[in-house]
Amino acid sequence: AEDTIKVGILHSLSGTMAISETVLKDTVLMAIDEINAKGGVMGKKLEPVVVDPASNWPLFAEKTKQLLGQDKVSVIFGCWTSVSRKSVLPVVEEMNGLLFYPVQYEGEELSKNVFYTGAAPNQQAIPAVDYLMSKAGGGAKRWVLLGTDYVYPRTTNKILRAYLKSKGVADKDIDEKYTPFGHSDYQTIVADVKKFSQGGKTAVVSTINGDSNVPFYKELGNAGLKAKDVPVVAFSVGEEELRGVDTKPLVGHLAAWNYFMSIKNPTNTEFIKKWSDYAKAKGIAGHKDKPLTNDPMEATYIGINMWKQAVEKAKSTDTDKVIAAMAGQTFKAPSGILSKMDEKNHHLHKSVFIGEIKADGQFNVVWKTPGPVKAKPWSPYIEGNASKPDEPVKGMSVVKK
Amino acid sequence: MSTPFPTINDSLLAEQGTDLAPKVPAQARPPAPSSPGRVELPGKGPLLTRSGWSAFVIALIVVCAVAPVLNLWVPEGHALHLSTYAVALLGKIMCYAICALAMDLIWGYTGILSLGHGVFFALGGYTMGMYLMRQIGADGNYKSNLPDFMVFLDWKELPWHWTFSDSFVATLILIVAVPGIVAFVFGYFAFRSRIKGVYFSIITQAMTFAAMLLFFRNETGFGGNNGFTDFKRILDIPIATPSMRMTLFVMTGLTLLGFFLFAKWLVGSKFGRVLQAIRDAETRVMFSGYSPLGYKLTIWVISAVMCGVAGALYVPQVGIINPGEMSPANSIEIAIWAAVGGRASLIGPIVGAFIVNGAKSWLTVAYPEFWLYFLGALFIGVTLFLPNGVVGLVKKLRKGAEQ
Amino acid sequence: MTPDLLEEGARRVQEHQALVERQNNTASGGRNASTGRIATPGEVDVTHGRILYLQDVSVSFDGFKAINKLSLDIAPGELRCIIGPNGAGKTTMMDIITGKTRPDEGTVFFGSTIDLLRHKEADIAQLGIGRKFQKPTVFEQLTVFENLELALKTNKGVKASMFFRLDSLQSDRLAEILVTIHLADSVNRLAGNLSHGQKQWLEIGMLLMQDPKLLLLDEPVAGMTDEETARTAELFLTLKGKHSLMVVEHDMSFIRTISEIVTVLCDGSVLAQGTLDQVQADERVIEVYLGR
Amino acid sequence: MRLRHLLFYATLFIAAHAHALSADEVKGIIFGETDTRVEALNKAALTADEKTVAFIQALSDDAVKTSGDKVFVVKDDKAFDPVTGAEQPLPQDAEDVINPNMMRSELDNALAALKLLSKDEQLRREAIKTLGSDSDEARLPLIEKAWAAETVPALKDQLEMMRAAILLGSSDRAKRLEAAGLLSASKNPATKTVLIERLGTELDADVKVALQAALAKVEASLAWGDKLGAIFSGISLGSILLLVALGLAITYGLMGVINMAHGELMMIGAYATYVVQGLFQKYLPGAFDWYLLAAVPVAFLASALMGAVLERSVIRFLYGRPLETLLATWGISLMLQQLVRSIFGAQNVGVENPVWMSGGVQVLGNLSLPYNRLVIIGFAIAVLLGMGWLIGRTRLGLFVRGVTQNRPIASCMGVNTARIDTYAFALGSGIAGLAGCALSQVGNVGPDLGQGYIVDAFMVVVLGGVGQLAGTVYAAMGLGILNKFLEGWTGAVLAKIAVLVIIIIFIQKRPQGIFAMKGRSAEA
Amino acid sequence: MLNVKNINQYYGGGSHILRDVSLEAHLGKVTVLLGRNGVGKTTLLKSLMGLVPIKTGSIEFDGQQIQKYTPYERARAGIGFVPQGREIFARLTVEENLCMGLAYKSASTPIPAELFELFPVLKQMLNRRGGDLSGGQQQQLAIARALAAKPKLLILDEPTEGIQPSIIKDIGRVIRMLADRGDMAILLVEQYYDFAEELADDYLVMERGEFIARGLGKNMPADGVRQMVAI
């Protein structure tokens, strides 16, 4: 109907990514309920259109076409993996749609039609390494960069390697290791890490993806590698992932995020409460008994609220107008800062927190950046990026007619 | 026909007429066969029946004329307008239908279940994808002549396997050659070692799994997990235009119809019957003087090439190719389309591909949280109640109606 | 109307019987004096008067010697009957000849030039050795017609098959064989739906279509009525002379109808050889095989 | 529990020059940057008295809270002042003291150091182990004292090593040389670290040589552990593959059902384990550590029941049509996955290792065998033997094999084929459930659990030779060890690819699997 | 013992195979069923075993109506079956094959020793896989398997196929002996006419799914049965 604004939700509800993405769908639905309860946007109610791209990358593109072309949604919240975003990107650009992407990623991309509400590498990886190098973080001298073999870990590690080098770490003190998708036996890897760590104070930077984390951490526990000996900092492990792990042996290992559930401030308390109530009311499996929030959920939540503000500012859902209105939007984020959309580069300014795993599966924030950090989607540690403009360039990825 | 040595026939004919008087005691003499002297031999059937041909022509018209008109000339918003989305969807499903057809040849007719056809599909797709990547030229993120991911991985020049990727003609050849050669080598060794049944299925699965992991690696030079996306041009013509899309759609449709006729001819020939004989009793085939290796290898390569072509048509239409296409589950799905439609019937797998994928597309939107139940139930239902697939059901109904 | 193969056969039976009687009266112990070779300008060289030649062949399965230094030869045009107790190794011997089983040692020659151990099953069939299995094996999902068509002697390469069309001569022959095997009114039935005996016939029909130089027949009349057994005998006798046959049977009356020389296998090697009467009189044969 | 022990041993080792814990010390340890806290801690530890020990222990147990600049030790829901020991009301806004890693390890070390002089041998042993790799020079006097007092030879040796490790940093060249000599006998991986670190800074040529010699020796003695470790991990992976494949060896190997839902049956077993764990947490928290014993039969029954239902409702119509079973079971697997998502949510659920399965036995200095892996290996052997017995030695097994080979004739022999089929499928499913239960101890429990293993399971069964139990065992162990061997060599990704390629090549040589059935019976 | 009335049977496609077939078999008697290839003998036996469904008709065995029974219930009621084409369990050992024959007996029932006297080769090959046996050995195994459970009715479908003459004689003797013991009814389908004639107490001749002649075994030559089966 004309008196509603359609909002597309493009998160996998089945297949391998369902584990992570399902909850984001619910987060958007919760935010939509909340916005609608307050009267909607410009007096119109939001109408969610949920589709399931089933962890199938081409299907992401197809569903995007459908959402934009058939359902005429004004905005899409969706994607988790980089490849799904890459698959969707040409479609949103061609059809001039709007995508909010809520997950930390490797950068090296900037599209006019996408707003990145997750962290760029400099908003997560680099501060984490800084911390581990500091005295308080243990003063690591040797590094194991451990990841699942795909683009995000590869890129992040590439950036980190360059960064470490710039800090004087020798190549022999960096060990880069990859495992296949869905790898579930980490005995050898952990043994190798253990061996590597005999050569000096070692820290592990883990970009292990999704399901492989549980076996990895279980094996860490098995091998008796304690956080105080070899701390592991992970970029993909949050509250939700720890739900499936026996955290006792993991106490003290680290994660770097822009939000933790355990952060104490009124906004977050309210956010958690909203989510708990919503999960209970909707009977969301898992969360109705043990509600958890995490970084991508926060990023999603910020995204949809900023979009709402931008639409209201632009007084239209027209993509170009909304994009223009998004610049500089601010929103009081559950992480405790006043989150700001960069005027130019479509990324949020974010504070970085380092948390240590506690026995109850939550995180102790042991360190944070003094203030929000501006995203650098084009990492200066990658050759050739220095000259890149810090904003989407018109026509760059648009079809040359 | 003249045979160089006397046959049973010759020996009989030679003595014809000399002495036909019965010498066996009367009661022991065999009576003349119950049928009249002439035995009715079944003739060679036409490629398609009359109604078959009319259906074929209708399909041809729909693909080449109706669809383009409805999409390009009927204005958007009109009830008859065929949306771009629908074109893309149908185009994609037609590619899948080619795969299902290919699967039917190897599985339905030859009894060789391949759980690795995704590899050939992906190889065709990647070959096309490489060409499309090169067509981006210097319009990528990094303004380099190299594809973005290579720039980013610090590659200074194209690796050897990209050598021919800038030539469209070479690409067309490679689309056929690459899956063909891979299939040939793999098939040659496997069939020569007489690997059969599940053992063959499992090594095809191992093959696709290994290929997937290989392509996942960034070092392999195919863009790792992200694969290829963001295509811009094909033959220097922008790819994201309605007319280009329609062209690809029509080409896919024609390919599908062409392959269908080809397959029909193939299985109608004696070649096809040897395949079925191999499926039923391979030893007997050997003792009849056929070497199964050649037959299996031929159909295997044909099937792989068909999949490769499907992959090549698929990539520009969906806009992405990545190693996920080689995941074992994808290959199993191909078999499932064939089974749902009805194996060993050629039209069945095509119908199956449309039903399964159509249902998937619809259900993932209509019931995003429950669609797997429906799909799962569909598969179970088909096996339990339609042992010969959907097409089997139609045949049965039609038979029933005739009686 | 095609000439009635069976009547023809019946005539030959009588001729044959007379022949055997005559032979048994000769001093040469029934051995066919005329190994005179039938001119078959083809691959097989039978100038040495032997179309099949096995020497010192042995094979064992998990230590059990199924064939033990077996030596045997067959002349062109000969119809050789093989009998022997269950488990003597008859089927195994055929497996070896057709390339299904590899012997542990020994030589197997087809004609004087072709070493069968160097060939694969399909090659061996192409060379002109056809086989009927003990358990009837036909293509169950194909029709009777298609079964026969596949067996037809033609170029069996891939390309040839794709463009193959039955010519009229071949059709005639096919029709004729259909009549011979009593399946003329089952042309379009699926072979899988035939009864046991009908499958036996079909398999024989396929063998005839294949037109091999050497036919190996493993219990061809098992499960046939006496009447049909007689007809089969006629058929085999028709084939004799132009084809070489090796027939394994336990049906003594059938053997009696067709046999010249009978070889008795036991425990994987030749126990006795001679005319049926000679063999039947052999104490050892009675002991292990015929029973009292 | 630990607090109860505390008083007991705190009295045992009060240092001679101990003095009471002061409020300043407490603040120094609690507030400020981590480095200054550590400094304060170590200072306080040197002159620790009972109260200091109790306080450090409480801090290490996360039982200390702060409010403003006030510090409270919380015990049994009551708060005490660490200095006076007086009970105090705990303010509402009291916050936990956060101990980052560094602080935590210092706390442990401090506590351990204090225990070095304990009379209890066990405590000393633990303390030495905790301190193991620490070569803090400040602790030298304490260690020397402990060394002098130690009577147990093994512990004395270890203390000597610790002393040597510290001496390695001494400014006296002779001492360093001596230390290097001593350390060369060490079998402790931590020694290697110390030696390498020292080598990096050492300037004296002679010492350098000695250090290098010591390092070589230590490394040589560690190499054994590495090798054995690799073999162990291979066996461990093999046993998991075996468990995963055993159920399939029945449903597929014997019954011929291409059971794509096998993974989901494992998943059911794993979720059953999760549910049992939850029930124990709720109703039997005291016996929580033994929940796994209850989970094993429950997992078996849950999956077996599901298997029986599937067999009765779907599979039994498909015997003799193996390829159709592929399709139907694929459908089943989709539905089961979604069912679990609907009930338990899409995210993973957590299954904890019971305490007795955490940790491991230390076999060599650098080789410890984790209990959970050992238990799984044992479990796999038990399941294997049980199944082998059931299939090979019992009438049920005979009937299963007979029925799967020739269903109509078996029924003519008086076998109730329908029932045998159900039993057999349920048995295979139940074993899948057992595998799921085992997997829950080493990996994820989530809706995708099955998908991750299904390909491997089929590979193992087929590689071994369909219908060959012994082959399955060989294949599982072979793949496990091969995989781990290659992984140590080429990395995980290439190893996995290589293993797959090896499988392909291997099948060329053995087209019917490792334990190919030979002869005629194979064709029948 | 066995009383079959008016069985009609059709195969899937609808072809009428058995037409109003009725027969009886009695304890202590050997009933021989003859007929040319493809007339429906095997189909009849399979109908008796319940392996193919019958459309109409009744089967009474040992006083019970068994036409609704499943094959295993019929076996348990005391029918032993030697199928055509051997159908032994190829991948079970000879011993296990024999144990399958004892399936519905209690687990401790031993394999009757007399079987091994009858078929000594089975004893030698106890641990060989059934499928590895020669054709004739398999046939012997199939007969032994059916006898193991000492059935009340023994149904044999061409048991002499592929068996060496001396053993055929033995089998003949055994069948006679079993019948003469008086506690077993025997229904024998046979192509080997002389063998059939020798054993028959009663005979039946089938033609295109119908019985065209029946009578006492001793009358077979007089009734010209040999000619009947000879087309």
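The chains carry the letters A, B, C, D and E, assigned in the order they are written, with residues numbered from 1 in each.
Just so it is clear, a residue touches a chain if its C-beta (ideal position, glycine included) is under 8 Å from a C-beta of that chain, and two chains touch if they have at least 3 such contacts.
Every value quoted in this text rests on a predicted model; they were computed, and no experiment measured them.
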Shortest chain-hopping distance from chain A out to chain E: 2
Set of chains adjacent to chain C and to chain D: B, E
Comparison of C-E and A-D by number of C-beta pairs in contact, larger one: A-D
Relative to chain D, chain with the most remote C-alpha centre: C
Euclidean distance of C-alpha centroids - chain A vs chain D, Å: 29
Computed distance of Cα centres, chain C from chain B, in Å: 42
Centroid distance [mean C-alpha coordinates] between chain B and chain A, Å: 40
Between chain D and chain E, centroid-to-centroid distance (C-alpha), Å: 61
Shared-contact residues (touching 2 or more other chains) in chain A: 13-14, 149, 180
Overlap residues in chain E, where contacts from two or more other chains coincide: 132, 230-231
For chain B, residues contacting two or more additional chains: 28, 30, 213, 216-217, 283, 369, 372
In the complex with chain C, residue positions of chain E that touch it: 11, 13, 36-38, 42, 84-86, 121, 128, 132-137, 139-140, 158, 161-170, 191-193, 226, 229-231
Residues of chain C that touch chain E when the two form their complex: 61, 64, 83-92, 134-135, 193-198, 200-201, 219, 222-228, 250-252, 288-292
Of chain D, residues touching chain B in the complex: 258, 260, 314, 317-318, 321, 323-328, 330-335, 337-339, 342, 451, 455, 458-459, 462-463, 466, 493, 496-497, 500-501, 503-504, 507-509, 511-513, 523
Complex contact set, residues of chain E against chain D: 49-51, 70-72, 74-76, 81, 83, 87, 89-92, 96, 99-101, 103-104, 107, 129-132, 145, 149
Footprint of chain E on chain D - complex, ascending: 395, 398-399, 401-402, 405-406, 408-417, 467, 517, 519-524
